[in-house]
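Look for subunit A in each of the two complexes below; its partner is subunit B in the first and subunit C in the second.
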Partner chain A sequence: MASKKGSAYWFILPALIVYVVLTLLPSFYTFIYSLTNYDGILKLSQLRFVGLDNYIYLLTRDKQMGQALLNTLVWLVFQLVLGNGLAFLFALLLNQKIRGTNLFRAVIFLPVVISSVAVSFVWGFILDPQVGDLNKFLQAAGLGEWTRNWLGDSSTALISIILVDIWKSVGFNMVILLAGLQTIPSDVYEAGKIDGAGPWRAFTRITFPLMIPVLGVVTILTVNGTLRTFDMVYILTGGGPGYATEVLMTRIFSEAFTANRMGYASSLAVLLFVVLFFLAYAQLKMTEQKDTN
Partner chain B sequence: MLAEKTLYKKLIFLLMLGVSAFVAYPLLLMIGTSLKSENELYLNSVGLLNSFHFENYVRVWQEARLARMFSNSIIVTAASLAGIVLLVTSASFAIARLRFKGSRLTYLLFFSGIFIPFQLSMVPLMIVIRALGLYNNLFGLILVYVNLAIPFGIFLVAGYMKTVPMELDESARMDGCSDWTLYRKIIVPLIKPVTVTLIILQCIQIWNDFFLPNLLISTTANKTVTVGIMSFRGTFSTTWNLLMAGVTITLLPVMGFYLFTQKYIIGGMTAGAVKG
Partner chain C sequence: MKKRWSFILSCIAAFTLMVGCANKSESPGASSDDGQQTPPDPEQKYSLTLMTWQGSGAPQKVWDDLNAKFNEAHPNITVVNEPMDSKQYSQVYKARVVSGEGPDIMSVYPADLESFVQAGYIAPLDDLAALKKLERLNLDQYKVDGKLYAIPLAIGGTGILYNKEIFSRLNLDVPRTWSELIEVSEKIKENGIVPFGMTVKDSWFTQFFIYPLTKAPVQAKDPDVYYKIAKGEMKFGDTAISEAFEKFLLFRDKGFFSKDALGINFDQAKAEFAQGKSAMFVGTDWLLSDIRAINPEFELGYMDFPASDDATENEKVGWGGYSMSLSVKSGKTKEAAKQYLDWLFTQENYQSFVNGIKWFPVLEGIDVSSIDPLANAMSDSFVGMTMYPSDNDVWLSGVADTMLKSIQEAYLNQKTATDIVKDMDESNERALKAK
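== the complex of A and B ==
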């Protein structure tokens, strides 16, 4: 007996309606808005098409956006080199047979499950110029001249938030890399040992090449996460001092909901979408490749 | 050779101990500060505690109206999870187990949602939510969370459902099972592992989310815990011991949950990245 005709639609309709009304149609409208001067107050009849003006302004004349893009790029470099480097190092060390690996793994992963608001408050306290532990520690260590208002000084604000972000995310990448390391069969290393490969050679010739697909996935996840960074900047500095910590997402947010330039904000969102789309596509290709191997 | 090896292992152990201590330090500081009196706060921040001022917690709980925020957070998280499980498993059931016209196209439509960042739909979504009268409304927030979980949820659950042998459905139908009974009595119990993964992943994301409640909720009465913390700054200014007590309270549920189901949480949260 075949399934009753039409019953499939009852199963699929609730999800489909919600998804079309709240994701697909709004996304489509963003493309349209990005070609207009929409400001959130205008009636539809007053809406004017401005062609590609928003995009041209965005790519050629918006200085704040330029600063935000540059900051995002700096963020990305730090996360990819320092953040992922540390994650890989920790994963390699925890993949050894030593005591306490489970506990270390659990502790390093802990910041991942904590809300970014709580993280911002705790680190905001540590970085506080008057009562914060960082300045107190520097004083005690005789490095009094290094103390400063970490988040209020435009030369240290960005790097401070980036390091907090690395503290929060390193455990996540570490766990993914660790899972990757554990799929490498031990007989590969034994064969290497028989051929006289030392630890360094074993790393460069066996571990690293076999880990490239997983490193690729971690890289894409990191880029993806970094491009969407919002909470900690919004809470800790609000993009300041000046525009020192402004990033892509805080720009979109303030253009859309503070300045009410929704048409322009839409063009920023479209730009973000294009970048993320290619990244997601690359990730899909990579996981497919990993599966077929 | 052997001695060299144990020394090497001891060094790694000490290094990782140091790293763990560094990672844990801010959280220990938070708890330590939350138990200090205001005077102790300015005397020594680094020093150990002489006495525990648990009254900070009582004060914060009452003054910051935390009970209300907690109940909002619990309602939003629980209702969103229920909605997600219901909508995702039923749609996945149709896609993975039933034949219907347009099945492939429907799947692709959902699947493409994985590539759409929330920010792309954000501005018009606000207009839709306002038009439906769901701005500053917990149900509106719940609806958006359910919506956001649909694409990846279906990808995860439908993929898992396809691994259940089709013969099961055929023999169930022979016995006169309707689609609804098949879904409820056979498929849903069989896919429990993937449902648990989905719930863990979404539970932590929704409980911790700041962006959406910040965007969609405007009055204190409707605030969830994460946005509620923001108002601590207004209530307690720079009285750090009270601020930290407040933040600690909001972290307790997640930390407790993590302490006991750490393995599942780590597995669930990284499931999206490492398939299979």
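== the complex of A and C ==
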């Protein structure tokens, strides 16, 4: 029996090696680089150790990073309230026993499987101020004064991208919430009906409390995904106009590859890693709890 | 079980040690490239990749034809151009080179050159036969520690392209001063046409309006000014560079740029001009082939950029310089790559290269008339003009990027011209500290 267990380790060894070489080792190097003036080009031996200078600048003086952090937080709030709110609403609606729910579910989920790069390009065309469908539609509907330079106006650019992201991801969260709803046994609702609970009380006293763990999972996934948003912003606006749509990931990219400040970008990556690590840990703990429940 | 674990862990440790050592024992770099010329072995086959920021779109075919010709002359060496969008080139090529997957022949951005040399990624080119033909040129910007690491492919100047049909229809004279340019733009605007096509969304393009405006007030006053700033001896705020930004923002205030310039990209702005919806556009040689591809019958005119109210100064001072250079990767392929460069710079091959790619020659004795109908007008305007190079060629990493972002913010009325300069100085400070 001992040898069976031992041979199991041999089987996981290849995957473990791949993980160490492709994930742990680069992460370790990133941490090392964050303590240097690495420009992305020079060799390790040619770098200068700068201690915590990068972190200090990041936390105290980088105004653009502050703007990016603010934008990311705004994005988070919208995704959590509007995005997940919509997902929950759709899940509740699709949980009803009516015809066509499979079709609706597929349609709402469809954007999730389209590559975000393709989505970004297509929406970029739709939101184009001159030839885009949105403005053309508004004009045709007699709402000409509502047309905007959606992605070129700092007051509408960020929210436009956020709405595209919600459009793309709502199906994913909906499916998870729907699965959660469907694990609630119907006799709980029947018991509630017998006690005279109307639909609103059924929701607030039965549905919502039982859905808290699932909502927790969805929340953490949303936060995790939003913190890592990059391609949509990069393709739609490049972070512009100015810094109006910059988010944490686009700043890392800019600092690392455009400004040749790879060491500095690494320090931001390390901080983000710490945040995401705790999020993943919290998610793990939550799902463990759920299992034991 | 404990034994198994420690065995596995020691395997992992050994593996990572191997990986780490492999990285270190890689090419020791510059020390092995002491410029000694050993011609490539004619028996050995070489397969070289070529990558530049002008390798896709209209120039792609030019490179492919050129490489095919080269292969006929040197059957043992194949050069393949890898097309890449110029917007992504600056980020991708660095990652490729650093990971060891870099192209054998590439164009290196001026801001990256010194680091590339220090890390040993590119080889010195001092023994190239082609250099004998370029002796009249000042190639200092491509030298590190006295050795040359890049060779310029073309020279160009920047003026303004204009739509001859619109100008003659509205009875407009070619403006020779800044005030005349404003007047002409007013008239064009009154007639419902965009006076000057521009994209601010693809902010890099604004440089082609800004840099002509910095020549007289900044570089002509002190040709070394940007070198001094890059060393920290001066600040951008000590120069008159904010004038250029003021003029750019003035054009915006008067509504002379494309509508929604912050929302349309370079391709859209270019198409707008090529389709006759804007009257003027940035005028460089590399834009000619793009525009003619969209509208072959376009009646294009070229004028010097009237940057000031001194008409003579506008003719005598301008932005020009080397447009793109080629460098060679250190290592086994460098001699074959150098052979490619020497071959390219022979009169016959170079002539067909510039004819196809429509750039202006660095070599003397090249006939420019077959480059483009406008070529003679353009090269005539370069005669007698003191040309100053791109401002950002000497700037430290990150400064140009900051400037472009701040230009977008200023376009949104969130910043002033002096704010842009302040931001550039801050970015310069950061870059100096990081050295």
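In the analysis below, the second predicted complex is superposed on the first by the 279 of 293 C-alpha atoms of A that agree within 3 Å, B and C clash if a C-alpha of one lies under 4 Å from a C-alpha of the other, contacts with A are read in each partner's own complex, and residues count from 1 in each chain.
Note that contacts are C-beta pairs under 8 Å (C-beta built on N, C-alpha and C of every residue); 3 or more make two chains touch, one makes a residue touch a chain.
Please read all numbers here as calculations on a predicted model, not as lab measurements.
A.B. asks: Identify the partner contact of A:Ala280: answer first if only subunit B is touched, second if only subunit C is, both if each is, neither if none is.
C.D. replies: first
A.B. asks: With both complexes superposed on chain A, which partner does A:Tyr9 reach: first (subunit B), second (subunit C), both or neither?
C.D. replies: Touch status of A:Tyr9: both partners.
A.B. asks: Which partner, once the models are overlaid, touches more of subunit A's residues, subunit C or subunit B?
C.D. replies: The partner making contact with more of subunit A's residues is B.
A.B. asks: Looking at A:Asp195, would you say it contacts subunit B, subunit C, both, or neither? Reply first, second, both or neither.
C.D. replies: So A:Asp195 meets neither subunit B nor subunit C here.
A.B. asks: Per the contact definition in the header, classify A:Val21: touching subunit B only (first), subunit C only (second), both, or neither.
C.D. replies: Touch status of A:Val21: both partners.
A.B. asks: Touching A:Phe257, do we find subunit B (first), subunit C (second), both, or neither?
C.D. replies: both
A.B. asks: Just to be sure I follow: which residues of subunit A are touched by subunit B in one complex and then by subunit C in the other one?
C.D. replies: Touching subunit B in the first complex and subunit C in the second, residues 2, 6, 9, 16, 21, 25, 128, 257 of subunit A appear in both lists.
A.B. asks: For the complex, give me every residue of subunit B touching subunit A.
C.D. replies: 9, 12-13, 15-17, 19-20, 23-24, 26-27, 29-30, 33, 41-42, 45-46, 86-88, 90-91, 93-95, 98-100, 103, 106, 109-110, 113-117, 119-125, 127-128, 143-144, 146-148, 150-151, 154, 173-174, 176, 178-180, 183, 204, 207-211, 215, 226-227, 229-230, 232, 238, 240, 243-244, 247, 250-251, 254-255, 258, 262, 265-266, 269-270, 273-276
A.B. asks: What part of subunit A is in contact with subunit C in the complex they form?
C.D. replies: 2, 5-6, 9, 13, 16-17, 20-21, 25, 37, 39-43, 46, 50, 53, 57, 64, 128-130, 149-154, 237-244, 253-254, 257-261, 263-264
A.B. asks: Quick one: in the complex, what on subunit A touches subunit B?
C.D. replies: Counting only subunit A, the residues touching subunit B are 1-4, 6-9, 11-12, 14-16, 18-19, 21-27, 29-30, 33, 90, 93-94, 96-101, 103-118, 121-123, 125-126, 128, 131-133, 136-137, 140, 167, 171-172, 175-176, 179-180, 214, 217-218, 221, 228, 230-231, 235, 249, 252, 256-257, 262, 265-266, 269-270, 272-273, 276-277, 280-281, 287, 291.
A.B. asks: Would you mind writing out the residues of subunit C in touch with subunit A in their complex?
C.D. replies: 1, 4-5, 8, 11-12, 15-16, 19, 29, 90-91, 94-95, 97-98, 111-112, 115-116, 118-121, 200-201, 203, 259-264, 268, 397-398, 401-402, 405-406, 408-409, 411-412, 414-415, 427, 430-431, 433-435
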